[in-house]
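Residue numbering begins at 1 within each chain, and the chains themselves are lettered A, B, C and D in the order written.
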Amino acid sequence: MSEALEITGLRKSYGPVEVLRGVDLHARAGEIHALLGENGAGKSTLIKVLSGVTGAGAGTVTLGGRRLTLGRPTASTAAGVRTVFQELSTIPQLTVAENLLYGAEPLTPWGLVSGRRLRAQARELLARYGLARIDVTRPLGELALGDRQLLEVVKALREQPKVLVLDEATSALSSEDSAWVLEQGRRAADNGAVVLLITHRLAEMRAHAERLTVLRGGESVLSGATADFTDDELIVGMLGRRLEVLYPQRSGAPGDALLEASGLAVGDRIGPLDLTVRRGEVLGIGGLQGQGQRELLMALGGACGSRGSVRLSGSPYAASSPKAALAAGVALVPEDRQREGLFLQQQVRDNITIASLRALTRPGGLLDAGKAEAAAREQAVQVGVATDRLGTVVSALSGGNQQKVVLGKALLARPSVLLLHDCTRGVDVGTKADIFALIAELADRGVAVVFYSSDLSELVHVCDRVAVMAEGRIVGEVAADALTEQAILRLAVGVTPTRTEVAA
Amino acid sequence: MSTASPPLERAPRGARLSLPRIPLGTAATALLLLVLFVVDLNVQPGLWDVDQLGMLVQTALPLVFVAAAQTLALLVRGIDLSVGGVFAIANTMTAVWVGADGGWLMLIAVLAVGLAAGAVNGLLISYLNFQPFIATLGTWTAYSGIALMILSTDGGMVPTVLSDMLYASWLGIPSSFWIVLIAFLLWRILRASRFGHQLLAVGDDEERARLNGTPVRRVRLLVYALAGACAAAGGIMLAGVTSTGSPTSGDGYILLSISAVVIGGTSLAGGRGGFGLSLMGVFSLTLISDIVTGANLDVWVSVAASAVLLLVMVTIRALADRRTARSAA
Amino acid sequence: GSSDDNSSSSSSAGDSGSSTSASSSGGESKSGGGPYKIVLSNNYMGNEWRPQMVNVARFVADRMSDKVDLDVRISDATPAAQIQSLQSVIRQRPDAIMIDAASQTALNPVLEQACKQGILVFSFDQVVSADCAYKRPQDYEAQATDAVNWLGTQLRGRGKILMDTGLAGIPLSETYVRVWRQVLADRYPGIEVVGTFESQYAPGPELQGVSAQLARNPQIDGILSGAYIASDIKALEQAGRPMVPMTGLDFNGGQKQCEARRLKCFFIGAPAFVSGMAIERIVRVLDGGEQPRDEIYWDTNYVSAAGDIDFGATQRVEPLKDGENYYADGSDSLVTPITYGDWDITAEDVLAK
Amino acid sequence: MSRLRGHVSVSTASAFGLCAVLFLIATIHSSGFASGGNVRQLLVFSAFIGFAALGQTVVVLSGGLDLSVPWLMAFGGIQLSHWAGDGMPGGVAIALVVLAGAAIGLVNGVGVAWLRLPPIIMTLAMGGLVQAYLLSLGVLNTGGSGVPHAAEAAASDRIGPIPVVALVWLVVAIGIGIVLARSAAGRRVYAVGANDEVARLSGIDVGRVRLAAYALSGASAAFAGVILAGYVGSTYLDIGAPYLFASIAAVIVGGASIMGGRGTYWGTVAGALTLTVLSAMLPLFHLSDAGLKVVYGVVILAGVWLSQSGGALVARLRQRSSSPTPASPEVKSVEP
């Protein structure tokens, strides 16, 4: 059987930096082909070339034997390439229906978009994928991030794609939604499409991809059937080194209570809820998506108004603003790195230091440039951003590395409470391991960490204890000794808590 | 065949939301507009006469069209200062080139000139990567010069078909109302076209629009060209209302159009808003100045009163918007 | 009676102004009824002239309160804004509208409408061309001719001068520039315009414009401007250049300096009290008196002591005289003279709020 | 600090380059243009724009816009004459006027930062209120003395051949340049302009930054009004009108983004000089008013485009020469 997608010798430079250095990739129709690699390896760039949004310096792409004209989105679209991009590409101001059928709107005889048929088709499309619960007339921006990601997938599937690219389409999703996305991928493959799956979750990849290609530094270093490689081999392929452990061993026991919230409520849908985090403890926040986890973290970080009382080291803590929170030693890594975390057009060093300016200022009010540089450098090393990229504009970093910059910014503020909202989203295994090690180290130094992740296994392995939320309330806790994915899920979906726990 | 679409499960939430959702801010602006209107009716009882009201709308017509132009530019995260110049070119062309005996065809040609002038802005902005502010500042000055070449001082003759049309009424309703209505319908059509979707997409987030395969630069070019045509329509309207051409008549509309559009609620950050909102902004400004004139206040009091009314209007809207934002969070 | 002697009218208007007698004798002589509701529609307050014009109107109306009930409406500077304001005025049905117009032609339709409703329309300063309106413009052509002839005489027909082009697009500037260029070409071929500047009828731009030209032209023998002599003096001074003959408008600041320093200056008369004169004429018409529809207001122009007064002027020309047509202790901003006829308008009245 | 914001300094440099090119063309055309007297004039006129655009720069950097600048300039001159006419010493009156300008600007800031009004509307309305206040003063009530001597001196005195205003401007530009590029306050301004939500979540008091920016704009506009009135020797309501677009255009020609977050005050300085040189040189070419306008518009566009692409070229060359080697990875790579 001839290979449906053949990429040979693909090269691509951004200015002087060569990002793809001769990538080869061969994928068959009907298979899910995983594309692996550490952050910045060039996966997304490869995808952008494939989908025509950027051109390439050299190399060819053939699809079903036909050579693809590079650098023209229309050409790729016509050839049947559909991409779910790593950074969301749906348009918040347009409605769900308008987004789903963007570029293929049903027209009336007058050449206008027929609103009625547009909505009907959108509903039909959603119904086909079991998402009829989503109201097609809502502006997309009002939906939760997860739903938006799902719609992104639906949109890509709109017209039977020949190549479906899922660029970290699952990284922001709960396991349930991830499963849904991957199932759609499988269906597309069964219909004869090539599905390119980019993910940093090896288990996910193993469960779904038949074959894989590993990129490192813009070159393809491994390719073949998934079953032929062990995880270790893949990791060495990706990172160029062994990974001793992914989840670190925790040593110290949690200390006394550091952050205590009681009757905390946000708006009229979230709370009231009580929560205690101890020094040196990693408290996980679990639950299905959109159950108020975001609001909880935002409220604790001073980023949105809340009621109720919070105490920090025993004294009252008014999280009236992120500034107040940071001053009190509470730092937040927000959910949406592009909209909440980063100044995309500023340099890495400026992004890292922005939340800690006070500490970097000389008495006269001027910044201590040397100190700032050193701090940024130290932080970059700690989170794993190459120090020679300190002068790079953040938008030119790969998604995972952008995430590390946000983390670096929060850590430089030297928090005693660290609120992490999905901080490993889109981060490669190597760096993930580093981040987990970092969390463990911080906790061992007495920092209280509140950790929310859409990845259940991370919750299980990283946290000392997980509080599970549903409908804006904390519905139960899973203690360290009973911490399993099932335990969290059961609470999340409302199966009676404690007894089941004990039985398990 | 409309029944063919399956009776989808209607979640109670969906049912509640399927009512047209008018954002609180928009509702607030509409309400304030109504209040202004009622106040104006009291200050100026003459307005109960529909013809008088028609005259009021008529004087607002030039601003209506310039605001349409500005709305388009703002929607794609731009700004158009050249509306002042394009307006003046169209205005003087109507009075000099079209002249008293000119017909509709020639007026359409004037619109085409506006379209071309706007396209120049579009080229500068999307293909030569000018910031919209600088591009249109430059063309504004240049276009103003061209208008002065066409007509060095007020004068000329305006086609009678135009002034007759402006002073006519249809079904007992003055033509100015119909013109506003038609302009609004044209906007709805534009909004409902594929181009309308692309326009919002580009304004909302250029990068995402590009990822979706939108020909971003072409859309921008077209938007500025359309803005030029709208500004030209404004110039033609003023020529019709005043029966004369004036080379400097456009400049006053630059700030005025930006404020009208922003009062309506179209965001300077692009992608949000529309001409319907801008219409509310235009009529708010018109009513405010009508009230202040009608109330016959001291000069400085009336200047202050306009400013205060403007602030009250926008503050209430801002508070309403914030409320919406909070309840959505 | 007020001295309306400086008017040229097609019909000989009776000179018996109603003014002083009416005001001093209270409401006793209600020959033609009243008080009349008069609205002053003005479209601009940004320079020094318009506010004084408005204040004079207020002053005169106040003194004639038994005959006149004056409202002042200031609109934005666009014709459309003034049209809208006029519409609102028309709805209130005043007896008369007096207007200093944003455009010569653009307001015609709305003013015709006012006339149709029986409202008297009287335009002055920047007049309109509507047929039904009374018009009382100044004689821009005569003023411009006298100014350029004066300068030509001062320079004995030779030299390099700077010329003010005023403000692009407005009729006044058009007329000035046209007349100046024509007279220079016809009668003073030896005078060369080496530079132009746009005074915009504001002191700042005039100063900038003249300064810029001075820096570039080593020799300047005269300045032909329709605006601020005080700014010209300042520019010359700052450039360390000798003073030259200059023309400009009748602002007290320039007049004070020209007198004190014995400079050769010609001041185009553009008194702010034309508004007061307009009110008197409106009352006369409403009372049923005679008033020509088109009447040219004849200004007096003023020459500083150092400048020649005999150059074959078409309009009346007078030397500056303290307390009469300029005020050595008065504010620089005053438009002179500040009073006419028997009104005794004081600087305080003109400069009031 | 050019290391930190390399791209900005390139655009600032190209704005200065544009100005120099225009100056050169004018000098070639008529040599008087380079005379000491003319250069001095150009500096003084640029300084008026420079001061009017000082706060405007910071406001634009923080993502706003200040349309009340021309009215605050009128306020500066008229209020000064008013107070001086009441017998207040000139220096004191100037200081008070600038403070009052800051206070008015602060109100703009309150509207924008706390009430979240669109800056365009807030500052436009504030302009209206200031105008109303000035009208209520009696615009012309400047007394016999007019503008106090202190203001005239500030505007017209020289130290050697150099006008005092230009010197003051230079000092202020250096100060603002340092604050913007090297202080925490400056970094916060850029952050707020780049993305206010990210700035807020990064612990920046966005409201306070905005308040300060608008207050500075009020103060600098009032000061510009004071020196302009001093220079002209009189004041009137519309004295600031030409500075509405000039103050914004100077900022943008100087390479700043109107959306905020990008630009420098040195760019604005270059922009102010460019605008002044351009409008001073065009009358040399004996065009009609109409022709003048057309040429002015076209030259602005051509000039900005040339300096932009020149700047981009320089940036590209510099980048090429500095890092010839491909593929610098983002992550630390450890050998196995």
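Note that in this section a residue touches a chain if its C-beta (ideal position, glycine included) is under 8 Å from a C-beta of that chain, and two chains touch if they have at least 3 such contacts.
This structure is a prediction, so every number in the text was calculated from the model and none was measured.
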| item | value |
| --- | --- |
| Both-way neighbours, i.e. chains that touch chain C and touch chain B | D |
| Approximate Å spacing (C-alpha centroids) for the pair chain A, chain C | 72 |
| Whole-Å separation of chain centres (CA-atom averages), chain B against chain D | 30 |
| Between chain A and chain D, centroid-to-centroid distance (C-alpha), Å | 42 |
| Chain C-chain D separation of Cα centroids, rounded to whole Å | 36 |
| Multi-chain contact residues (two or more partners), chain C | 45, 168, 353 |
| Overlap residues in chain B, where contacts from two or more other chains coincide | 148, 152, 299-300, 303 |
| Residues within chain A bordering two or more other chains | none |
| In contact (per the touch rule at the top): chain pairs | A-B, A-D, B-C, B-D, C-D |
| Of chain A, residues touching chain D in the complex | 13, 15-19, 21, 38-40, 217-218, 236, 239-242, 301, 303, 321-323, 325-327, 332, 334, 339-347, 349-350, 353-355, 357-358, 360-361, 365-367, 369, 381, 384-389, 391-392, 397-398, 401, 409, 413, 430-431 |
| Touching residues on chain D, where the partner in the complex is chain C | 30, 32-33, 35, 37-38, 40-41, 45, 135-144, 146, 156, 228, 231-234, 236-239, 241-242, 280, 283-284, 286, 289-290, 293 |
| Chain C - residues contacting chain D, complex | 45-48, 51-52, 165, 168, 195-198, 200, 202-205, 207-209, 211-218, 230-231, 234, 238-240, 253, 329-334, 350-353 |
| Touching residues (chain side chain D, partner chain A) in the complex | 1, 3-4, 6, 178-179, 182-185, 187-188, 190-191, 194-195, 197-205, 261-262, 316, 319-320, 323-336 |
| Touching residues on chain D, where the partner in the complex is chain B | 67, 111, 115-118, 120-122, 124-129, 131-133, 135-136, 245, 248-249, 252-253, 257-259, 288-298, 300-301, 304-305, 308 |
